[in-house]
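Shared between the two complexes below is chain A, which pairs with chain B and chain C, respectively.
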Partner chain A sequence: MFAYQLRLAWKSLRRNPGLSILSVVGIGLGIGVATTFVTTYYMLSGNPIPQKSDKLFYVQLDSWSPERSYDRDHPDLPPDQVTYRDMAEIMKSKIPTHAGGMFKADLTVHPAGDGQKPFRQLVRMCFADFFPMFDVPFQFGSGWDARADAGPEAVIVLDDEINRKLFGGENSVGRTLLIEDREFRIVGVLAPWKPLPKFYDVTNDPFDAPEGIFMPFNFVRPMEINTAGNTSNWGDGSGDGFEGFLQSETVWIQMWAQLEDEEQVQTYRAFLDAYVNEQKKLGRFPRPINNRLSPVMTMLKDQGAAPEEAVGVLIIAILFLVVCSVNLIGVLLGKFLARAPEVGVRRALGASRRWVFVQHLVECELIAVLGAVLGLGLAALGLELLNRMFEAQFAFRLDLPMVGAGVLLALVSGLVAGIYPAYRICRIAPAMYLKTQ
Partner chain B sequence: MLRMEKVAKIYRTEHVETHALSEITLHVREGEFLAMMGPSGSGKTTFLNIAGLLDTFEAGTFHLDGEDVSRLDDVRSSRIRNAKIGFVFQSFNLIPDLDVFDNVDVPLRYRGLASRARREAIEEALEIVGLTSRAKHHPAQLSGGQQQRVAIARALVGRPRLILADEPTGNLDSAMANEILDLLEKINSTGATVVMVTHDPELAQRASRQVHMLDGRVIDLEAERPAPLAAGHSSSARS
Partner chain C sequence: MNLGPILRSLLHNKTRLILISFEVALTLAIVVNCLNLLFEMRGKMLRPTGIDEKNIIVATVLPFGPEYRDDKFIERVRTDDLAAMRALPGVKAACASGQIPLSGGGSSTGLKVEGSTDQVGAPYFSVTEQAVETLGVEIAAGRNLVPEDFVTKPTVEGKPSQYNVLMTQALADRLYPAGDALGKTLGGGERFTIVGIIRQMHNSWPDSENVERAMLIASPPGSARRIRYLVRAEPGMREEVAGRLEADLLRLQAGRIVKVQTMEEIKADSYLENTVLIKIFSAVSVLLLAVTSLGIVGVTSFSVTERTRQIGTRRALGATRRQILEHFLVEAGMIAAFGVAVGTGIAYGLNFALVSLADAPRLGMPLLSGGMILLGAASLLAALGPALRACRVPPVVATRTV
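Take a look at the complex of A and B:
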């Protein structure tokens, strides 16, 4: 019976192609806009590393002032970054599967090629564990090892974009690159990788693109590399000179640990508490112990990484879809009521009100499905447009769940738009139309 | 087959109350071919709508094929319409998008028959009305008489016990009208009860019984004759 109703719906659409196209385009526009912004919201607020987000923990230690909390609006939250000395100490723990402090720097790259001028480039200073901990994909080579961390050895990893810019996208592993005044050997080139949000460092804009170059953290001291990210301090401020900065209470490093299970989490938590208690004996950590190990999604929520603008745009997009659906109600009502004589005949021949109602809903849903096909195409174009507008930051794509969401939105819209017209047509008195056709 | 007792139908507007049927009583026996005549506005179509379960009424009782159908819900009345009643309309009322085959198929679709059973029934119905070769034609490609034959095929395809024909020859010339009457007689001869509304006294004479409607009341012309009705075709009507 459904196949018959679907066939009747298709015939009905073909009967008035202009009106049908108007209906499909109307709902398609709504679906296109709504799916585009549902997808952006989904990707901006979604889980950037779903395969292990519950095993990756952002480490926070409350080394802040006894006078006031770090965040006045959320006094229970410790600073969102750690000091260099704390990072260096807790990095000695062997409890986590992987762990690492990191920050971003802004360094000068001197390309070797003719005609290429030096340029400033954001560099992520990190440890070898960064790559396996965050499942960073490589197209050539790999990350460096712990020995390179300890050296430190002059090795770097490039991202796909910088590798294209400097080496035309070729396998550049083994080649060298002059950064500031040192020559670094390239050991790996990443495959395209743009986690949204950039969860491993949300202290600046969580929707910034990942840095183009990755360098062993321990070059921070010999090269006196300053952070290009946020710094916060209290007490004696940022210290005298670079070494003073490193030893100060300034928080500027993001610290992560990979912990496989609750037991490992508890063990590491105990280690952090013991470390802070030790530091308290030395006169540091004046506030009550408030160490935090936050899984990725908790950390993103605490740091407010979902952009409020995305929520606003999402609401507007859904409202636009509602307007499209309401507009469709009028179109369908006119179309269905014009068909009252045919419905009268069908009722006389044995169609119940319910059958007529369902038949017309099927037609609405067919319009919705066609609208979904058009809308998903428009959404793909819309997302591509956004990607081109924000090329460095975003890589929005219409994945399977979002295609499903688009189809679901279309079906719900078709249902919402179709219920009243279908109800009206199924309630007509057939006798009125049988004599007058 | 059809037994109405004191059935009344009133159309109301804010200021006017129209008694379309004034407590009519009419019995139609199984296998009868009844012709109903009367001037426009006398209540013939209202009677057919109620007889076809397409309209409700204010007072009285209505039994169809032994079942009280006075107050049925929509699902039940739709089922009875589909299973027991075939309609033939003056303006044919074919669905223009559907070809002849699919038009005849419509009532069978609501019955949930398998494809093969439907096809056999449709082919048989089209053969009865002589339109097998036009199965793939659309209504606009047929003459008025052919369209009415399609409508008759659609009415009889589900083997209904009752055929209700509302001025089935009203839009046809006399030759075509006679052809349609031939068909209705043929259907009646297979045992189906036929109730036909017509303005044409000549065609009405071909029915086994005639009743007249006037101002919402039934006048049974047969009942006014001195001779008694033949066995099997007896009926009574009161207004």
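Take a look at the complex of A and C:
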């Protein structure tokens, strides 16, 4: 029966191609615009690491000034980063499955080969755990191990983009690269990896791509590497010289831990509280204990990473689809009622009202599905256009859930637009049309 | 013209009335809100920044040679670079600046007026000589910075160091509402003496509400990590000067990377999000107007087809073509008026949602009136085609099919 109705619907669309195209294009445009901005909103405020976001915890300690809170607008929040000495101490804990402090640096890379100019490159200083903790994908080689952390050994990991730039995308594992005044051996090359937002460091440009090079954190001392990210301090300021900076109360490091279950979370929390209490005896941590372990999504909400404009655009895009649906009602109404004589005959020949109603709804949904195909194409195009306009800052794309969302939006708007016209046409009195023929 | 019958025939077919006016209403609400956001962003991008953005070039020098660890060396390099750049043909002025206006990242310090507890954020630029000439800002009161201002003052133990500064009128007024900022000294650890007032200038953060607050400190910048120069070209010479800066600076001194950008590029980068949003809102408005106009064409045509016989009858009874045309246009006008009235309510509702959720500006009456006229005109224009078709229906139709 359904196949028959579908065939009838298709025939009906074929009969008046101009009008059919108009209705498909109209609703397709609405689906296209709505899907594009539902996708941008979903990606900007979405979960960048869904498979383990509830096991990854951002660590914050309130080491701030006794006189005022770190964030005046949110006095309950501790500083968004930690100090070097606290990071170094809590890294000694064996409780988390993985853990590590990290920061962003800006270093000079000297490519080998003649005529290649040196350039500045953003580098993520991190520990071996960074890669397994964040499920970072590799195309060649792997990350480094704890021994390389301790050394530190002169090893680095490149991302796909910089590997293309420097080595034409070949397997560069085992080759070396001169950074600042040191030779580093490449041990791994990442597969393309662009978590959105860049959740592991939302203090510094949350929507930028990850850094192109990853280097063992402990080079910070021998190479006196400064952060290229945000630093905040209070009291004695940022200390004298580089060692003074490391020992100061300046917060500048992002600290993460992977904890598997509630028990592990509680144990780690107790460890952090005990650490802060011990430090209080040394005269540090003048504020009440306020340690935080925030899972990824809580942290993103606390730090307000999603841009407000995305919400506004989302609302406008959904309303756009509503207008397109209302438009479709008008078109369908005209189309169906023009066909009243034919429906009159069908009714006289025994078709029930219900059948006529369903038949016309099937036609609406067929239009909606065709609209969805067009709309998803438009959305893919729209997202690509946005990526270009944003100069590759984002990597918006349609994934399976968003294709599903687009189809769902289409089916719902087809249904909403179709109910009234289908109702009107199934209510016509057959007698009148039989008379005039 | 008799409006009564037109209104009655309109009410006879309520579906059409409701559909089109609802569509017009929603379209009005969305379009005026889009335009509202768009105009605000455009206004932000086009407002005067106080600096000569068209002719300024920014050269960022990133040293990597070990010799740059020495502060004395950096100072000498800076002096040589500036002298060379100032001597280039087509260069009006050049200075070094630790911070770049409109770039989205900079430095700020908290300032407290003596005897006050109120701390005011003061975005600043540490600059060398010729900063005022390079930026192209105007001194409204007091004097420009002079060479003596840049002589480093010895830091006596326990006694804070002191700098001469220029600040914008906006910052001076915030600190000294009485208008007596000139000549005052303020600050805690480091002390700043205000020797001149700049009429207007934007700081490094175009997004900030207090973008007009800025301070130029007579304190030459530069570190082993980065030195930045601002170069102001003569009108029309920007491309030529920008094209040769990298090679010229590298010839002067090796062991460094030089990156040259124009101020307009830096500004475009900072406003990238705005630019994209403006494009999005324009596209949505245009598409929406097109969809709605097409909808009106469709529904009006349908209503004309439906009433072909009635039109024939009216024509046979003596109605002129003009009267038929008028009938359909007045009808379209009424639907639009109704839609616009409902749309005003929806527009304010949507604006309220956008203000609270997305920090949008409030909707003003002039924009709304403009939107009403736009929608009214679009409705009439869309109805014109079908209405012309209606008025060409010959009277004979009335007799033919009966």
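As a convention for this text, the second predicted complex is superposed on the first by the 430 of 437 C-alpha atoms of A that agree within 3 Å, B and C clash if a C-alpha of one lies under 4 Å from a C-alpha of the other, contacts with A are read in each partner's own complex, and residues count from 1 in each chain.
Here, a contact is a pair of C-beta atoms (placed from the backbone, for glycine too) under 8 Å apart; a residue touches a chain by one contact, two chains touch by 3 or more.
Just so we're clear, the structure is a prediction, and the values are computed from it rather than from any experiment.
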Contacts of A:Trp355 with chain B and chain C, given as first, second, both or neither: first
Which superposed partner A:Ala429 touches (first chain B, second chain C, both, neither): first
Which superposed partner A:Gly404 touches (first chain B, second chain C, both, neither): neither
Touched chain A residues, chain B compared with chain C: C
Partner chain in contact with A:Gly174 - chain B first, chain C second, else both or neither: neither
Chain B versus chain C as contact partner of A:Thr108, first or second or both or neither: second
Partner chain in contact with A:Val322 - chain B first, chain C second, else both or neither: second
Doubly contacted chain A residues - partners chain C and chain B: none
Chain A partner contacts - residues on chain C that touch it in the complex: 15-16, 19-20, 22-23, 26-27, 29-30, 33-34, 37, 62, 64, 66, 225, 257, 272-273, 275-277, 279-281, 284, 287-288, 291-292, 294-295, 298-299, 301-302, 305-306, 350, 353-354, 357-360
Interface residues, chain A side, partner chain C - complex: 22, 26, 29-30, 33, 106, 108, 110, 117-120, 180-181, 226, 307-309, 311-313, 315-317, 319-320, 322-324, 326-327, 329-331, 333-334, 337-338, 386, 389-391, 393, 420, 424
Residue ranges of chain A in contact with chain B within the complex: 1, 4, 11-12, 15, 341-342, 344-355, 429-431, 434-437
Partner chain A, residues of chain B touching it in the complex: 45, 49, 52, 54-55, 74-75, 78-79, 81-83, 87, 89-91, 93, 95, 97-98, 106-107, 109-112, 154, 158, 166
